[in-house]
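Here's the structure we're looking at; comments come further down.
To keep things simple, chains are lettered A, B and C as they appear, and every chain counts its residues starting from 1.
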Amino acid sequence: MNLASLLSVALGAILADNFIFSRFLGGSSFLDNSKTLDTAAGMGLAVMCAMSAASVLAWLIDKFVLIPLRLEFLQTFAYILIIVCLVQLAELLLRKPLPALCPKLGICLSAFCPKLDACLPSVRTSCAVLGVALLSTRSGLTFVESVVFGVAAGAGFLLAIVLFACVRERLEYSDCPKSFEGLPIALVSAGLIALAFSGFAGLQIR
Amino acid sequence: MNGKHRLSAASSPHICSPFGTRSLMLDVLIALIPALCMAVYFYGPRALILTAISVGGCEFMEFAYRRLMKKSNTLGDLSAAITGVLLAFVCPVTLPYWIILIGDFFAIIVVKQLFGGLGKNFLNPALAAHAFLMLCYPIPMTTWAKPLEWPGLGISVPGAVTCAAPLSAEFMGSGILPDASLGDMFVGNIGGCLGEVSALMLIIGGAYLLIRGVIRVRIPLAFIGTVAALTFLFPQGNGHLRWMLYSLLGGSLMLGAFFMATDYVTSPVTAGGELFFGVGCGLFTVLIRYFGSYPDGVSHAILIMNSTVCLLDKAGMPARFGVAAGRRKAFWKKFRAGGKGEDAS
Amino acid sequence: MKMRMKIRQQLKEGLFTRNPVLVQQMGLCPVLAVSTSLCNGIGMGLSVLAVLLCSSVIVALLRKIIPDRFRVLCCIAVTAIFTTAAGQLLQSFFPPLSDRLGIYVPLIALNSMILSRTETFAFRSRVDAAAVDGAVQALGYAMALLLLCAVRELLGSGTLGGGLLGAGGAGIRILPEGAGLRVLVLPAGGFLTLAVLIAATQYILRRMAEKNAAAEKEAEL
């Protein structure tokens, strides 16, 4: 486990195996919340935090609870439980205690991610968060690697959703055939960005 | 909209300019002619025929699509012709004709016309088609003919004499300098795609475009400069200067920097955006060349930066007078007030 | 008789006019990911059918007991239980298919189509209505998934039934070797193919609506 392997894990999660453009994880929340840049940025940041936390917690639960007690088959259930609790906690904190305890953070959050509250339910049911938890434990990563993986995967999701939101705003001026209006032309754009990202396939820091 | 009524009512001042879409595109085509001549010299008449088929395919598909969708005929603006030429230039001369027609279809119909035509696409059509063909037909797209051993004119030429391109895994892909001399690399006496081999001719074409004012110098300078700096600093065990020169002259860097990255539709409008775009292209090119699985990262690097252009334009948008500063002041006021325990809502 | 008409109407809606994937555009995550071969599509389709059917029935049975506040959590929990069961069954009886489907089997638990059906419909209906609705919607989902799989595999690899039929599981070769558009079995191709299918569905539905409107106008005159 050296810097090169950590960098490989990070670049792999952001570019080579991007969670949206390569693995399709989080597709539904990605498509719903990327119509404007504001919602996209808020959703991206929320999912990034959730993914980082979920990756670490999943690794810990797997190592100290599921494997010793031979309960690996409960992986899905346990991870969903963690994610639901995480999001519930975040919702509770954001409402009253955080703005009261740390008003500066609250003001920053409301300025940069005005629609954060609205996207939390989406985060709870996002395949990306459960996906990162499953992948970080099934790929046999060490603790530090799983932290890096979680943060990088979240950064990849944020990058993807922000890029896509900007392209989607530009699609307002496009003149596509009537049958393609709405989701189809958005999917074509996503496919073209995925084509661009395919250049990073097999990226490895040697 | 009746095409007969060409009078448009607009208030003064009116500026008369010799530049129009068609004249700009014509300039680009003229700038590409030297590279085409060099390609014919090294690879024979098949180079010309492949380019002609590509251009014909693009023009036909644009005409057919717009006819089917009952839209105006835009063949006159020559943009489809340029896409055809550029797509042929990034393909090897031994590519079967039916493959380049599939590439034409993807470039014109999927990348350009589906979004509404010229000006509405967000990716460079020729490069997107190149990436598409690289994924679909990797072997024909990476079989390069040996220069001066002209391949035949048939639909596909399985018996052509081939060689390895300088950037492929046999040479620079593994950190080894190719056995072609720098002079050969500059003139184009190497294996590679049709239009990318002759750096000399491409630089001449690029200079023509700069002199005519069709392109600005920022993007090519930033792009080539970044690749030069990065390859000079990290020569993968070879001499700094030699590795840098080989990296600049090999692959489609010159073609990409002067003709593809500078495409008006898919590059930023602001000066800062253009610089950032060029640097980003250079960075990703070197990243893919050194660590990725494609030998030449230029086309994918430009495609990635194309998808960030919308973001760059938004970020570089000039602020409305008084509005942005007002918003910033309000934010800091709230921030400072919130710290003193007042209600921050 | 009325029951049969109602079921026919529901079937038409679930499979076509309100297809969960092509019209309602839900649950797209596994659709895009696993649709690279027909075999994967059959496996995923059957899993989704089993999970949605069982979840709908259980949620409909529990609807009187669980308060409305915990509706979403209850649906997620029930779906997760059945997904775990389905995953274990798949792993025991069809291990190569389970390997190919990978993490997308556990992700059925958060499939937006399943969650929305159980949350909005099953929670408020009787058990038999919920069961029929679950089955019909899942059939529509599976049908769209199979269509996408067939197109992607046929035009992308040139085979059909890879993993199930053909010599050594390679599938029946239909297009010559190397002639397929390989990009269609890659992620980028998934987005593009699904876009074309949804556009085609929108076109067909629009033409049907126009024809119906024209027929109604004629009937009035």
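What we mean here is this: a residue touches a chain if its C-beta (ideal position, glycine included) is under 8 Å from a C-beta of that chain, and two chains touch if they have at least 3 such contacts.
Being a predicted model, the structure only gives us computed values, none of them experimental.
The touch graph of the protein chains shown is complete. Should one ask which of B-C and A-B has more C-beta pairs in contact, the pair is A-B.
Chain A has the Cα centre that lies closest to the mean of all protein Cα atoms in view.
Separation between the centroids of subunit A and subunit C, computed from CA atoms only, is 24 Å.
Averaging C-alpha coordinates per chain places the centre of subunit B 40 Å away from that of subunit C. Look at where the CA atoms of subunit A average out and do the same for subunit B: the two points lie 31 Å apart. Residue positions of subunit B with contacts to 2 or more other chains are 110, 132, 135. Counting partners per residue, subunit A has 177, 180, 185, 188, 192, 195, 198 as the residues that reach two or more other chains. Counting only residues that touch two or more partner chains, subunit C has 183, 186, 188, 192. On the side of subunit B, the complex with subunit A involves touching residues 69, 110-111, 114-117, 120, 122-123, 128, 131-132, 135, 284, 287-288, 291-294, 297, 299-301, 303-304, 306-308, 310-311, 314, 331, 334-335, 338-339, 341, 344. Put simply, subunit A touches subunit B in their complex at residues 11, 37, 99, 103-104, 106-108, 111, 162-163, 166-167, 169-171, 173-177, 180, 185, 188-189, 192-193, 195-206.
Listing the residues of subunit C that touch subunit B in their complex gives 178, 180-183, 186, 188, 192. For subunit A in complex with subunit C, the residues that touch the partner chain are 21-28, 31, 73-77, 80, 84, 121, 125-127, 130-131, 134-135, 138, 177-188, 190-192, 194-195, 198.
Those residues of subunit C whose C-beta lies close enough to touch subunit A in the complex are 25-30, 32-33, 72-73, 76-77, 80-81, 83-84, 87-88, 103, 106-107, 109-110, 112, 115, 183, 186-192, 194-196, 198-200, 202-203, 206.
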